[in-house]
Each structure stands twice: as structure tokens, then as C-alpha cells.
Amino acid sequence: MTAIPETAEAMRERVRASIARQTMMTTLGVELVSVERGRVELALSHDGRFTQQHGFLHAGAVAAVLDSACGYAAYSVMPPGAQVLTATYTINLLAPASGQRFAMTGEVVRAGRTLVVCRGEAFADGAETPFAAMQATMTALYDRPDLSG
Amino acid sequence: MTAIPETAEAMRERVRASIARQTMMTTLGVELVSVERGRVELALSHDGRFTQQHGFLHAGAVAAVLDSACGYAAYSVMPPGAQVLTATYTINLLAPASGQRFAMTGEVVRAGRTLVVCRGEAFADGAETPFAAMQATMTALYDRPDLSG
Amino acid sequence: MTAIPETAEAMRERVRASIARQTMMTTLGVELVSVERGRVELALSHDGRFTQQHGFLHAGAVAAVLDSACGYAAYSVMPPGAQVLTATYTINLLAPASGQRFAMTGEVVRAGRTLVVCRGEAFADGAETPFAAMQATMTALYDRPDLSG
Amino acid sequence: MTAIPETAEAMRERVRASIARQTMMTTLGVELVSVERGRVELALSHDGRFTQQHGFLHAGAVAAVLDSACGYAAYSVMPPGAQVLTATYTINLLAPASGQRFAMTGEVVRAGRTLVVCRGEAFADGAETPFAAMQATMTALYDRPDLSG
């Protein structure tokens, strides 16, 4: 018997439900822009509560949202029931997060059963060159009913 | 004429003043535990506003504070007047941020004039094995009176 | 007076001359496939002298050539006279380097005066999914007549 | 029934045998200096075949040996029968590899069943400050009789 494949809508719902459980995303005011299999886009606005010493959005906020974009891109290609955790990522901060609205994309480069490698990019106010770039390694956990997606 | 070397107290004051300008640190509730030349320790408490989908402190909060610990370790060995920016870092999340209070250390591995490489470690509730490890590359900016430390 | 811009051919010659000075590239048998401003492709063949314990090409050989592809992509957008050094890179090894011929691409993500960030990908035998992915930070050095390209 | 724990000598022999199967290590002339559980030291000499464009040992050779030092540190804490693969690493090149003899250490930061995180450092001619620093994520593979250590 073959497993019934998950529909795109069920996958999107799985991603949405998991994001909703991250208070960090709610606190930062993150919006879910789009979800496809292997690609997620989130958005974030400038917020005076989360700045660094020069008044720009703090790299920590940028990294948190890029990490989530990559993590959910990985999660979108994992089988239902798997949990996703970030094992490691590298972020390059190419320019200050100067702007009002930031688009953060995460995309799967290659997916194995246990490890899924993704790349993320952050864009300010519709710019075409990213101001931050991430390369992330996500882990899939199976048979962990104690953890919810 | 040689420049008068900065005293340890002036250096500590320089670090404290810069942290105070990061609203992200204030919002996260970060405390400055200690500052020596080349080594900074910060502390963070569990906070329900900044959790991930399993209820642990979000990696984004951990990364933001480790990044700051590394950034200020680098800043502590830079000459007064220099500005510090994170160029890139890699973080490994070795275990969930499970606990009440987290110690985050940043230490200089090697300092050049422009690039300073640091390592950071995060410990939960007095544990001896870190639950997160960072390797970070910081940039020093000179002659930028438009930016304050 | 404006500096006369470097022609594409002069830039390519500058890259070729620098690669020729790397005995590591000659020893590994690396070929220069193409050079455009901001993008370099190198090629490498399987070689029994450079394998890991399972008989595949060693990650060290893969990383060395990807690092060079990224380094020369960065070098191609630097002004003549600048020197390029790798500050740091992250490599993900997505699958073993299984195959006979490996294409290694390096591409500039964003270039500043001092730091240039690049991404590299390695492909085996014409595959479309990379078996290795790199994110690299290159430094430009100026006024260092003691170093040649 | 409890598994009979592996002796330190059997573990060392397991590491030695695996290194001997890496032609890359033989070709580079790598020596195994010491093996303890969770820590491995390798050594490498300057070699005109493996230089970069300024005549220093190529970062690719440095990275290959640091990667192996980290990989074998991880392997030394894995159960016999497991295979080790590098998932990802980040290397910072803090200074050129200037010198005659290079010591490369790899040390386990934290070991899980599947992922083992290590740090490596490279030292030239007995220096106390490293000229390269690595943070690496190793994967353990189980039940893969088709691969030998």
C-alpha cells in the first residue's frame, strides 16, 4: 500500500499551523506571504523595538525570520508527521537592514531524509539585490509525538 | 606622539553605551554580565514572547544574543571611534534552548585591523556543555562619524 | 580624469594569470571553463590521488575548487591591482562527489569595496542538482605590491 | 546484554585504518599526531605542489586537513560500525598559512547520535594563535555495510 500523497493545500495548512505556534514570529509581526513545496516567503516590517545600535533592524530579527523561511521551506518537503529543527546556518549580512518592509525567502537546495539544505535571501523595499544571505541545514525528526511540528 | 591607551573602565563604558543603544537587546531583556578585553558575557532569561513551535526559546533570540556577545567581544579590542558590524556568522544549535536562564559568551579568536573573528557559546542553567556554538566574523568601520558605536 | 575601465578580455587575462600561479589548481588538474564579470566556472575530474575513505573525491578537493571558483568570481569584479583572499566560507556537502567530471561555479551575490560575498555550486556529470553548495566571503586587499593577484 | 565498550586502543586503530584509506591524506603528506576520544591532532608540512597565488599553502589543503581532524574527532566518539561524513563546515582563514609545519586539531563540542559538532584550529610552526578556525557538523551513518569507515 502506498501512502496517500499530501495535497498542496494540506501542506500549506501544516506550515501555517506551525508558524502560528512560534510566538517569536508573532512578536516580530511576521507575515506568511507564500508557501510552495520547497519555497517559502515571509515578510517583516521595520519595528523600533528590534533595532541595533545604528537604528537599523537588528541582524537578530533578520536572521530569525530568514531561519524560519528556510526551516519552513524544508518542512514543506518533509512528510507529514516529521518535525523540523535548525541544525546550523550561516548568514552573511551584506548591508544594513535599511527600509520599511523586508521580504525573506527560503528555498530548498537539496533534501535528504534526515538533512535538508536551504538557502535564504532578504530584500528591502522591493530591491533586487539581497541585503542578507543564508545557507542553512535543517534536520527532520521522525517518531517524536512529544513535539508538534 | 603615541595615542593614550584606553583604560579598561573606558572600554567597558564604551561597550555598555553601545549595548544600551540596541533596542533589540532591551526588548529581549539581555543583561551585561561581564566585559574584559576580548571577552563578553551576556545573559538572557526564558520569555514566552520569544519561543519556537515546541515552546523553547527561539533560535533567533539565541542567535541575536550570541551575535551581540561576539560583536562586543570584537568591539572591546577595537580602538575607540571604530564601529563594529557583523559580516557573517555560523551558528550550530546543538540542543533546544531548554531552561530558565542562558549565559552567552563571546571571545576573540584573532583580531586584524578590519576583520575580527570570534567564537560564542550558549549555556543553559549553569550547564557545562553549550547548547549553541557560534563562529563569527566582525568588521571594524573607521571614520564613520555618521554611525555611533 | 576617470580611470579607463578594464576590458572584459583584460579581466579574463587577469583571472587566468592568477589561477596559473596557484600550484594547488595545477596539481588538482583544474580547468578554467569560463569567466564573466561576477561568475566563474571551473572543472575537475575524478583522480585516485584525492579520494576519501569511501573512494569518492575528497571534500577537501571539492572545497578547494569551489573556493577558487568563488574567489575568482569576486576577483573578476575587483579593480585591477586588488588582491583577493578568502576570509571565510561555509560548505554543505549534499551528497558524495560521485562521478567522473565535476563542474564548479562561483557567483557574486553582492560586492562591497572590501568584502565580496559569493555562492558556489558543484555538479557531477551534468546533473542539475548540486552535490555541494558554498557561501563565501572574500576580502579585497589594496596597495599590497608585495602580493601578486 | 550490554555491548562491550571499545578500548581506547581499538578506537585509535579504527581511526588510523580509516585515515589510511584516504588517498587525499597520503597525497598531502598528513601525519597522525595523536588520537584521544573526542580530540585528534594531524600535522602537515609546507609543500610546493599545494600553494595559492602568493606562495602560501592553499586554503584548500588547510581546510581538507582541518576537516579530517574534525571528522576523526567525531569518529572517535561514534560506536564502531558507524561511518562518518562531513555535512557542513565553516572555516575562517585568519592569516596566510605561512610556515613550514602546521598542526591541525579537531575537538568534539557536542555529540548527538546522528550529528556531532566539532571545532578545529590550525597553528603554524608552534604559534599559539591559530591561523585558521573551523566549526564543523559531522553525520554518523549506521547500517551501511557498503561503506567502510
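Here the chain labels run A, B, C and D in written order, and each chain numbers its own residues starting at 1.
Assume a residue touches a chain if its C-beta (ideal position, glycine included) is under 8 Å from a C-beta of that chain, and two chains touch if they have at least 3 such contacts.
Remember, it's a predicted structure, so these values are computed and weren't measured experimentally.
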If we define chain centres by averaging CA atoms, which chain lands farthest from chain A? Would you check? D
If you tally the C-beta contacts for A-B and for A-D, which one comes out higher? A-B
If you average the CA atoms of chain B and of chain D, how many Å lie between those two points? 29
Centroid spacing, where centroids are CA-atom means, of chain A and chain D in whole angstrom: 32
Suppose each chain is reduced to the average of its Cα coordinates; what separation in Å results between chain A and chain B? 23
Specify, in ascending order, the residues of chain B that touch 2 or more different other chains. 87-88, 90, 92, 117, 137
Residues of chain B defined as touching chain A within the complex: 18-19, 21-24, 27-28, 48-54, 58-61, 63-65, 67-68, 83, 85-93, 96, 147-149
Interface with chain C, chain A side, in the complex: residues 90, 92, 94-95, 109-110, 112, 117, 119, 129-131, 133, 135, 137
In the complex with chain A, residue positions of chain D that touch it: 87-88, 90, 114-115, 117, 137, 139
